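I have placed the structure first, in the form of structure tokens, so that the comments after it can refer back to it.
Each chain carries a letter (A, B, C and D) given by its place in the written order, and its residues are counted from 1.
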Amino acid sequence: MLGSGFIGRFYADSIQAHRSKDKIVSVYSRREQSARKFAEDYDVPHWTTEMEAAVNHPDVDMVCIALPNNLHEAAVMACVKAKKAVITTKPLGRNAEEAKRMLEAVEKAGIFNGYLEDLCYTPKFLKTLESVQGGALGRILWAKSRETHPGPHSEWFWDLEQAGGGCILDLGCHCVEISRNYIGKDIKPIEVMCWAETQVKPIPAEDHAIALVKYENGAIGQFEVSWTFRGGLDLRDEVMGTEGTVWVNNFLRTGLEMFTSGKGAHYVAEKAESNTGWLFPVGDELADLGYNHMFTDMFNACDEGREPRETFYDGYVVNAVLDAAYRSAKSRQWEPVKLEIWRGREGVQQESTLTDYDDQYYLIKEEVIHDGRTKVILKDKQSGKVIEKVTA
Amino acid sequence: MLGSGFIGRFYADSIQAHRSKDKIVSVYSRREQSARKFAEDYDVPHWTTEMEAAVNHPDVDMVCIALPNNLHEAAVMACVKAKKAVITTKPLGRNAEEAKRMLEAVEKAGIFNGYLEDLCYTPKFLKTLESVQGGALGRILWAKSRETHPGPHSEWFWDLEQAGGGCILDLGCHCVEISRNYIGKDIKPIEVMCWAETQVKPIPAEDHAIALVKYENGAIGQFEVSWTFRGGLDLRDEVMGTEGTVWVNNFLRTGLEMFTSGKGAHYVAEKAESNTGWLFPVGDELADLGYNHMFTDMFNACDEGREPRETFYDGYVVNAVLDAAYRSAKSRQWEPVKLEIWRGREGVQQESTLTDYDDQYYLIKEEVIHDGRTKVILKDKQSGKVIEKVTA
Amino acid sequence: MLGSGFIGRFYADSIQAHRSKDKIVSVYSRREQSARKFAEDYDVPHWTTEMEAAVNHPDVDMVCIALPNNLHEAAVMACVKAKKAVITTKPLGRNAEEAKRMLEAVEKAGIFNGYLEDLCYTPKFLKTLESVQGGALGRILWAKSRETHPGPHSEWFWDLEQAGGGCILDLGCHCVEISRNYIGKDIKPIEVMCWAETQVKPIPAEDHAIALVKYENGAIGQFEVSWTFRGGLDLRDEVMGTEGTVWVNNFLRTGLEMFTSGKGAHYVAEKAESNTGWLFPVGDELADLGYNHMFTDMFNACDEGREPRETFYDGYVVNAVLDAAYRSAKSRQWEPVKLEIWRGREGVQQESTLTDYDDQYYLIKEEVIHDGRTKVILKDKQSGKVIEKVTA
Amino acid sequence: MLGSGFIGRFYADSIQAHRSKDKIVSVYSRREQSARKFAEDYDVPHWTTEMEAAVNHPDVDMVCIALPNNLHEAAVMACVKAKKAVITTKPLGRNAEEAKRMLEAVEKAGIFNGYLEDLCYTPKFLKTLESVQGGALGRILWAKSRETHPGPHSEWFWDLEQAGGGCILDLGCHCVEISRNYIGKDIKPIEVMCWAETQVKPIPAEDHAIALVKYENGAIGQFEVSWTFRGGLDLRDEVMGTEGTVWVNNFLRTGLEMFTSGKGAHYVAEKAESNTGWLFPVGDELADLGYNHMFTDMFNACDEGREPRETFYDGYVVNAVLDAAYRSAKSRQWEPVKLEIWRGREGVQQESTLTDYDDQYYLIKEEVIHDGRTKVILKDKQSGKVIEKVTA
């Protein structure tokens, strides 16, 4: 385990959760005190302040990177050198260039690589994706993902050099990969339009952004991200298809609602802003945030010699989309997604939108009206004229 | 009442609702059969297929326009000529040019004018607006409004000439005015970025669109509109401010949830798509869609010689914003909102985002952590360096 | 208007709401200051501290009683004497004996009488009742109503002599009439089992109670009432039938959710307990609590010479059920509902519960299983043996 | 694993979930085909149709009983004989007599025993219990648990001899133990009042029941159980305390909402009744139903030589409460809970309900009113007179 901060602890809690046979055998931290404390808390036999010492430790089969964004590349390269399997927290790089170097390095070295995109492993996401892939929503038209909260926990997020960006990079990386899964990972993201601003925080990076991502088949992805949201951690996805709709709420409304006058107050949930009044705790944060399912997939994939659901390649695609978002926020225009590596389909057309009603008409809409009869709105194939017709 | 269709009937139901002292005295429809039927159903003493006959009827004090978009201007001009008070369904015009002519005409004539923007009168909207104006959310950063459903009821909506546009004009007009109210009607909308596409329906107009509207004070408005949504009528607003958040759901989740195997099936709600399984009816559509509060304001305003909450001027501003949205969807760039008439504030700056922590630092974030202590993230005023500090 | 307190003001707000043609012409209060203030606030031309002066005022067509429970009977008798139409707040009497005297008096006098059971007029209730009566839920098996909050506003509620009881009488009266409507007003309530206790408040009356009400057709009514609930005003109904289910939430979850840090704090809703953190205001309390629809029905009924939906007779039945609840709480047994006046059906049997599957079997259950096939559970008509069978 | 049916498979899915080091080594089923299939599906090395062969298998450290209720005792006795650790599905026995024999046998044999009450292990339950025990709700006044669905999957549930009862035994066992945890496992359940009826199904056992369970400290437990509910699996708990309220929804409203026209239809969730329209799938049924946390506790407890959270003793107490419920449903009276073995506290009094306001008054209620001032309702300690006072 490289890193012993907030996210490293979340990972450790998950990896060693329940009746797991997996074990953290070495931990690296830049700060001795932090490394030692982590080792104690998680019963880790070896700790160090030298990254290579952890990576090269003989008992280590797989390296888990839980470091600030600007340290990912060096850590990955250490794994490449040591030929150790590697899994990395999100985002993969601070930009596509970094990500591409990491991708090429691990593939050249032939080592197992996993991208720790936990929100593509939440139970609700997996269940929904299965429905979407089964056709329950028809052709996907729009896939929005939203992550907003009052700002990250650790100081390095707020430093542009270490973080590489603001909430677009920190939160948008989740959203882009969520949308991409729903629309289809083999469908190419083409271009991005992004608005970003620093509305509240005294920082150079953006603290609020909204972007649209156009896919080759005409579907539209969207993200809404913010470090200025008040009320807790808002993690919601919405997907619209020709046959259905999905609303996913991963955190703030999950079926547990508590009112308390404040007696016996205590920790409620990650990024909760209050511990009195109406509160919305989550039952099991690790499970609801996808950590359990994510590590299960990573370790099983490695054992079985297959790719996990999320790889460095996915991390690279996400970075390329986010790069376009940053360019767009500056240029105020749609910016192309520059993908030097692309392994999905090419040239996918938007499906035809014409539904035949009969020889003369296309069907625009069919609806049951007040009195129980059915009304259709039709378009003449020749003249283009629109008419309505009520049938029993 | 000019118009006897779907919306005219909703209006009539509201105007003559409960113990109202107001009465529809004449109805005009282009089709005799429809006019006659409306007159019977609502006990209206006079009906006609000549618009002027209705407008000029001596018992008519106020004219209510419930006609397709392309007939608004002619109807307004008839009222101007007759010097009758006039209220018009939304949108005011098919574009800002039409809207401006109507605005100038009614103001020159000195007649009462009201813009029937019902969604700015829903009970939830009014309650929320009061909270927002009272400061419960602090400075407004983002105001999103979403209206999506499976497409309108009447054939003229689907005809570009009559409607003047697709879902942007039909639904976006609501959303723009909702956002504008939350952000402040005196704050100028500056520019618009819009994505619009015809994803499903065999029509020349857009059936799905998303747009961002930038306001002079740095706030961002957003609309999401669609005629391709599956699942009913989705009417939701979300507002984020520096001190709070509001989520409004006007239709699909209002506290009434019914499961039925389908026995005794009947009408559930406007644009509901199913009458078996889990259903979410609304208790009183007229009230929940704002019609009762809207007409109360319109008639009281007229009686008291004051302006209603929503006037032709507001309708004109909305049209100007939508015109910019249409231009942006084509040019793929941010497009300026062209407001030849503007009565709000000018030159409003974004508020400073710096909060002093002490002499040396700005405050970035304050948070209660697991163990109950408080952590602050601070920025050095001179060096810009970010640090974190945990205090008891 | 007899009474100028909390409920009188709610009534006045509703009666004179929107564009109402109805007008309060006289107000009586026991306290001069309160009467005068009410008259000012609602623009009432006449006020008095003599009840008869209000009742007999020549402009008064209908008397609305909004007084503590122990004063209802005297007020009704004054109306009887004056032969004025009368509507009374809930509960009708402190017990069935009082209620019966009032019922007999108004009927003997032949005056219009209405029972102001507002929760049987909420938009959600009316919509649901229509569905239930249309058969959407099949045969009703269970109808629960819950009203709990942190305790009433005025001091007289807490005084046993004036109130006549605790939360059973104050809140249970709503619940009983709600259940009765869903199960069918013509179905006789037979017996009641009630638990009641004073768990928190320093009062002789009960502050928490739960009761079951058995109806002649085998349906079960239930109420849960409390003056010790924390979190606001909880108004929920649940109805189960053979074909469906309804969940109604009238107050705490109606689609309006607000988080606020507490800046700009103000009144949120009746009996809300907090004005920071997550809040759940209602848009229009008067409408959502049923006042508008209730007075519309009362006044229209009187104008049209018909009975309103809720009459003194209904109030009497409710009191008889509550009397049985109080007896049961003491005797710890099911207690019969004593109805000396009963105008519904008699001798209604429970419907047979046997559904034929084929000649040999009754159907117990049918279910779609994982693999998409259908499983039925059947009971042999002769042997009673239960088997399961999976069919394509 | 004894049993290879619906619940046995749920257990196997959980036990071998994620990266578990635990393994099922032998499976027993009464039907050879079922045993063989289970062994294949879960990669179990040994299967048998002889119960003792499974129990005595040398690789078996712990026996998991997943059999119909009437077979629990024999299976437990086989474990006792073999001195193997044993965990049993709920309910422990068909009645307290059976449960007591099992409890005494395992304790006499000194073997590890666990009671598989999964709903006392759901993530939401564990989180809520922690809050309740931390005092966030103050003194618990009422703890209700509701489990209703359209009826069980397997035919033996519908047979009175095998099942030992209807929905009270099948579902009430969950509810009783949930309430007991919230109120305090050391607080004695004293007496039960129960209504039970066969409203719909052609069976001798009850298909719908409601009961109240009185605890020695004045708290009230409640259960609502039914096999006739329409709409899915309804699993909800509500807890009221002097300082707060909790609403838990484990299944039908957990933040995942899907509308589908029915294309691509497939399995949604346990006991879901529909696969079109609005659906409410759960993300991860095993996790949300508590199975993962339950087996983790069971196996860890056994490894650590400690008791698990839920033991045979708890199962016995639950059976004793349910026995009282069945007696009450017949006698129509409150029936005492007969606990020959009781290990909690005795003679716990209800806490005093008097809160001092000052020397003269007790506080009844404090409330913020419309204008922002505070109103208190007070009771004179001497005279008992109730007054109200408004303070700034």
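Going forward, a contact is a pair of C-beta atoms (placed from the backbone, for glycine too) under 8 Å apart; a residue touches a chain by one contact, two chains touch by 3 or more.
Every value quoted in this text rests on a predicted model; they were computed, and no experiment measured them.
Participant: Give me the chains shared as neighbours by chain A and chain C.
Facilitator: B, D
Participant: If you take the mean of the Cα atoms for each chain, which one ends up farthest from chain A?
Facilitator: C
Participant: Just to confirm, which listed pair, A-D, A-C or A-B, duplicates the contacts seen in B-C for more than half of them?
Facilitator: A-D
Participant: Between chain C and chain D, tell me the centre distance in angstrom, where each centre is the average of that chain's C-alpha atoms.
Facilitator: For chain C versus chain D, the centre distance works out to 33 Å.
Participant: Between chain B and chain D, what distance separates the C-alpha centroids? Give it in angstrom.
Facilitator: 48
Participant: On a C-alpha centroid basis, what's the spacing between chain A and chain D, in Å?
Facilitator: Taking the mean C-alpha position of each chain, the two centres sit 36 Å apart.
Participant: Find every residue in chain C that makes contact with two or more other chains and list them.
Facilitator: Within chain C, residues 137, 230-231, 243-245, 259-261, 266 contact more than one other chain.
Participant: Can you list the residues on chain B that touch chain A in the complex?
Facilitator: Going by the criterion above, the answer is residues 137, 141-142, 148, 150-151, 153-156, 158-159, 193, 195, 197-203, 208, 210, 212, 214, 218, 220, 222, 226, 228-231, 240-245, 266-267, 271, 275, 332-334, 350, 353-355, 362, 364-365, 367-370, 372, 375, 377, 379, 385-388.
Participant: Under the stated contact criterion, what part of chain D meets chain B in this complex?
Facilitator: Those in contact with chain B are residues 230-232, 259-261, 273-274, 276-280.
Participant: Can you check the complex and tell me which residues of chain B touch chain C?
Facilitator: Residues in contact with chain C: 17-22, 122-128, 131, 134-138, 243-250, 253-266, 281-284, 287-288, 292-293, 295-296, 299-300.
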